[in-house]
């Protein structure tokens, strides 16, 4: 199980900001979330959404270990 | 009598920073000080020395009233 | 210090602490960003960070600033959570031997923080809440250093 | 506030006071100049001002800065007399709606204060005392705004 975090408007769309997801790769996690919640799936596929694996931005797919933290980050707004 | 003030190195050259001088124009005050103390006279004639009459910079000679404050200002260094 | 806080802070207390005991620092520049009331247009600003990640990303830029401007020290405190008008949002302090470097580093850090730092910003106004993106001016300001 | 002081001051206390109660000020920039030890090269800095005249001349430049950068407020405190290494010499704070104006105004005011303000500066070092003139760099910095 990976810990999945949603930030900014993604959390508002999903109605949650943190949960566990049973999947072993980044794109599999995204597909799993999209299958459950198409509106969230659309929001995750929007331009500019980045994925951080264990607090490091990753481009493309990557395997996800059992204790991993996966965060979906919409475009950052600055403070 | 005008109150005469010396600032910066002018005060060190003269050995005083404030005194009364009996003269009725700026250049007369300067000549009076120079006659008494040639080293101060030379310092007052150095390039960049400005004269303030009642806290306003004056260029050239000007009459000096009895309660006037006359200040000799060497080049300003900033803070 | 690079830190996030949910509490109201006093920028002056941070500056006092930052200046303490300096013997070779000639110049300390600071910037304090304050939430503006916008004449009632924005009632509450809400900032979300990614704890750990956000501080680490800001720390990378602070290290860039240290190297690029030869700083002696940097301090950054950023509010998260709900921020009322008049409350400080961010405090940046930079210390260097001379003023040009301290000013430029502070300016550089603020441009980064306002446009690219990992925050997500929501404005709660009279017409409801909305997520906001950086202004074009913020992107243009940040691009000056590229 | 435009003021001179013979006493050690805390720049943080000035910043706390300056930020208090602001609702429409988004940006406060400050600069604190600190006397450097120069690794023992300077033991005491002595600044002489012309009381009344010096504040009035600084006030004229502060008014220029308010107009030129659309500032909400300006505060300047400058030490005079003998200043030991590590002690603050000058504090400048500028408040505006946006950060670019606050930064530029603070930078502008410091360039003026370091090169053209009516102070006379003496350095008391191991080799005795000497009156100092502004550095060429200070003149060049000030000329950027002409």
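Chains: A, B, C and D, in written order; residue numbering restarts at 1 for each.
Going forward, a contact is a pair of C-beta atoms (placed from the backbone, for glycine too) under 8 Å apart; a residue touches a chain by one contact, two chains touch by 3 or more.
Bear in mind that the values here come from a model prediction, so they are computed numbers and not experimental data.
Any chain that touches chain B and also touches chain C is listed here: D. Comparing the centres of all chains, each the average of its CA atoms, the largest separation from chain D belongs to A. Computed from the mean C-alpha positions, the centre of chain A lies at a distance of 27 Å from the centre of chain C. Chain centres here are Cα means. That of chain A falls 76 Å from that of chain B. Taking the mean of the C-alpha atoms as each chain's centre, chain C and chain D sit 23 Å apart.
Multi-chain contact residues of chain C (touching two or more other chains) are listed as 33, 114. Among all residues of chain A, none touch two or more other chains. Per the contact rule defined earlier, chains pair up in contact as A-C, B-D, C-D. For chain D in complex with chain B, the touching residues are 33, 47-48, 50, 52-53, 56, 78-79, 89-90, 112-122, 131-134, 138. Chain D meets chain C in the complex at residues 10-19, 21-39, 85-86, 88, 97, 99-100, 102-103, 106-107, 110, 114, 141.
The residues of chain B lying in touch with chain D in their complex are 5, 7-9, 11-12, 52, 55, 71, 73-79.
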